[in-house]
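Please find the structures below.
Next come two complexes, and both contain subunit A; in the first it sits with subunit B, in the second with subunit C.
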Partner chain A sequence: MSLDAIQSILSSAVVLGSLYAIMAAGLALTWTTLGIFNFAHGALMMIGAYFAWQIGADAGFGLGVAAGMAIGVAALVGLGVVFERLVIRPFLGSRQVVLITVITTLAAMIFIQNSALLTWGPRMKQMPPVLPQGISVMGISFSAAELLIVIAAPVTLIALWLFLTRTRLGTAVRAVAQNPEAAALMGLNVSRLYSLAFAVSAGLAGFSGILLGSMRFITPTMGVEPLIKALVVVIFGGLGSLGGTIGAAYIIGFLEATSIYFIGLYWTPALLFLVIIVVLVIRPQGLFGKE
Partner chain B sequence: MSALLEVAGAVTGYGRTRVLHGLSLTLNEGRSLGVCGPNGHGKTTLMRAVSGLLRLWEGDVRFDGKSIARSAPQSIVEAGLIHVPQGNRLFPELSVAENLRLGAYSQRARPNEAENLERVFALFPKLKTRRSQKCRTLSGGERQMLSIGVGVMAQPRLLILDEPNLGLAPIVKEELGEAIQDIAERDITLILIEQDIEFIMSVTNHTLVVEQGEITVDTSIAGDMTHEEIVSRYFGENA
Partner chain C sequence: MQRRDRTFFALMAAGAAALALLPLIGVDASFRHFLILAFIYAIVASNWDLTLGYGGILNFAHPAFFELGVYGYAIFASTLEVEPWLALLLAGGVAVIAALMIVLPVLRLRGIYVILVTFAFGQICLQIVLSQSQITGGSQGMVLLPGLQLGDWSFARDGRMGYYYATLLLLVLSTIYLRMVVRSSFGRSIQALRDNEYYAISRGISVSRQRILTMAASAVFTGMAGGMYAAYLRVASPEVFGLDFLIIVLSALLLGGTSTILGPVMAAILLAILSEWMMDLGAWRFLILSVLIVGVLRFYPGGLYALIEGLAKWAISGRAAVRRGARSPLK
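And now, the complex of A and B:
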């Protein structure tokens, strides 16, 4: 194998892995802490990309890519709060909350997709490039969006991890769903913590959607495939652990890049699923999951 | 002496079933109150109504002179009324240290966190050695110690302990009992719900008996039964 090939595989592995890690971390945040699987996560990614395009692109408000990204992420944080209020909170007291939210988040996904279709139409949009030309790092060339993703992913994830494990507020986010009544009796504001978790999760969704949108095209259904990918990452990593999710994201990114290089784009998803099925047969608790 | 907690004509229940039928009590600052009574007669329900987990249908609860009957549990905690619930599972997937840290979540408790943590470890040295163990893996006795510890972390003015000894072996009971005694002797006002009348008598200043959602005996009222009479009347056959 040539050095070129290795470089090319590694660079796309790192880019894919980083993208999947941010995508899946947002999904895993609400799943591991609150036990709610948000099927609208991909749709939130998509909306983030459209917001950034609307604000940043010349065909939109033309404020530039940086403003588009910043306002797009901020808007998604706000949308996360509204989303939790409308889609999750009404069902929190219920015993069937996990099942009900499967349905309500699926409904929200369809609603958000159709809203995007009505607002922006079916034609693809393209985000203007972050920088006019790519950047070369150690002989490997990255587009500016790719470089941003490779740097932003670990920074974001470490920040998220520190927040969840080292701060009192983050510890409270992890605690609240484990025993809402005990949480209330310790003075935790249960509903505000749910809001916070969804705000952060939607912010991460928006961020990854914007990054994805600056590497590919923006369409109302662009979030569907990443949602499935994120779901796979979360399951592969072992349900319930954020660290496992992140490790799995990079492993799947690497597998995918290698497979695309050697056997092509067409068979890669099939191969990926095969590997995941084999892993789950051997380790049903996921790659990094505990018993 | 001013009343720290006043419950006046409390009526509440679950669904359409009334559990409390107009119950009233008064507790002065610095005193400790024992509550006993048969299973399922509303002791826990009363405390859930006091700490804001359950809304009153009628009546009022005042803490330090202010009505808290419509307050959220969070602001009741912030005022210093701390309820350690019966059979508390706490946060099973968090460590002992993390559970204790969340005990000091309220603004009120934060300035004294380090001091209170030391106090908890002095009361229950076992917790210190198990600091990084997940709560899920604690024994029943250790979990009960942690529950009380979490309550102490909250810097209580009034601490409500709902059957802290339930289902524990005598030797663990004794250890917990000493800790509770220690808490009661400090400046914390205490409500102790407990089936073991001997234990209540050793710790508290006076005792209420709750039956059918009403207070049937109050040892602080002259002419009513004393501790000893309660023992012989309600527990005499078994004692």
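And now, the complex of A and C:
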């Protein structure tokens, strides 16, 4: 195995892992706090990318990439609040909340995808590049968009971790996640904290969508494939903890990159599935999940 | 035969007779085409009811059983040149094998993990179909599949009349089969597991065994419906793996009412008529459908079946039983 091969595998592993980590962190956040799995996460990514394109690209409002990213993420935070109010909250008390919200978020996914199709049409859009050219780190070359993901993912995740562990608000979110009744008795506004958790998750979705959109093309269905990968990550790592999910994201990214290099793009999805089945048979709650 | 069974079979026979007579009073070929697809969707949705509704198994691999039936038929009938009628049966077998494969890793899982794994299974099947293009035709799919025929008479002749009655017959057989499964002691045991798992286990019902059997039982007609779909359209394309198909079948199941069998069947036929009516709306169709799903789950979770049941009771006894559907929870 040559040095080139190792470098190539490592660079794509880091890029994939970083992307999956931001996505899966958003999914894990809503799972741990609200106890729902958001199938519209991929659609939220996609709509974030479209917002950023609309504001940032010359064919849109032409305000520049940075403005597009900032406003795109902000819009997604707002959309997250509305989304939670319409699609999640009415069903939270129900006995079958997990199944019902899977269905309602799937419906929301279809709604968002087709809204994007009606608004922006089926033609692919391309985000203007953030930096003019790529860069080389220790002999491994990254494109500008890839570099942005590799740097932004850990920074975002550390910020999320600091928010959840070091601020009063973040601690409140975790308290609600652990025991909503007790949290309500302590005077926390549970439904507002649910809104907040969902808004943060939607913001993360929008951010990862913008990053993905700057790497690939933007289409109404661009969120489907990453959603499936995020599924694989959360099955693999278990949905229990944020740290476990992020670790799983990088492991899956590495596995995928290695497998694509050695056995090709075609068999990689099947191999990932096989790995998941083996993990589930041994540890049904996921690699890092709790009993 | 109990009264409930009599009502069920009377309703079913009346519906089947009406649908069987429909082509004779003259409906145009394009409407017949929509009804044929509706019958197939109805089979998939009502068989899904066996796992998602009666069994309480959060199984999202069901559309994949259908899709594997489509490709199973295509590979047997076209590549291996098996007699199409036999390929249709084998398509059911392919779906059952797929169900047995996916149920094994799912046995020890609960709640959301069942949904995630079964959902991922469908997507992985799609990836494999796309990547194994020398067998499946990849993203192009497989075309010019052999259709069904009896002697020299092709089912596509006389304005697809053969397919109309063949799919209707399959739907009737599937409905009778589902009703018999649900009312058997096996059917009661899976409902017991759904409603009170620990009590059912304490009465000697094996969770794993019943889960395996439920999944396999729900796949038989689903796979054959896939085979029929492939024989009728004469193509197998990866498009059937899309989320659009999942959402259409799922909405038929939910809007019809879970754990009712006839509800999803009626809803699927109604949805097919609706979607023909909304054909020109394009993407708007899916916007309306998704709002409808969330709205029904929010305000009338009992669905179409509870509405009809309520209306019938109201007509007979004069009491406002219609409101009941608004209260009955999704089982």
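The criterion applied here is as follows: the second predicted complex is superposed on the first by the 286 of 291 C-alpha atoms of A that agree within 3 Å, B and C clash if a C-alpha of one lies under 4 Å from a C-alpha of the other, contacts with A are read in each partner's own complex, and residues count from 1 in each chain.
The rule we apply is simple: contacts are C-beta pairs under 8 Å (C-beta built on N, C-alpha and C of every residue); 3 or more make two chains touch, one makes a residue touch a chain.
As the structure is a computational prediction, the values presented were derived from the model and not from experiment.
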Practice problem: Pick one for A:I100: touches subunit B only (first), subunit C only (second), both, or neither. | Solution: second
Exercise. Return the chain, subunit B or subunit C, that is in touch with more residues of subunit A.
Key: C
Quiz item: Just subunit B (first), just subunit C (second), both, or neither: which does A:L188 touch?
Solution: first
Self-check item: Partner chain(s) touched by A:A172 [first = subunit B, second = subunit C, both, neither]
Solution: first
Quiz item: Which positions of subunit A sit in both the subunit B and the subunit C interface?
Solution: none
Quiz item: Inside the complex, what are the residues of subunit C that reach subunit A?
Solution: 52, 58, 60, 105, 108-113, 115-117, 119-121, 123-124, 127-128, 131-132, 243-244, 246-247, 250-251, 254, 283-284, 286-287, 289-291, 293-294, 297-298, 329-331
Quiz prompt | Residue ranges of subunit A touching subunit C (in the complex, touch as defined) | solution = 31, 37, 86-87, 90-91, 94-96, 98-100, 102-104, 106-111, 113-115, 117-118, 224, 228, 231-232, 234-235, 239, 265-267, 269-270, 272-273, 276-277, 280-281, 284-286
Self-check item: Residues on subunit B engaged by subunit A in the complex (per definition of touch)
Solution: 51-53, 72-74, 77-78, 82-85, 88-94, 98-99, 101-103, 105-106, 109, 150, 154
Quiz prompt | subunit A residues touching subunit B - in the complex, by the definition given at the top | solution = 168, 171-172, 174-175, 178-179, 181-189
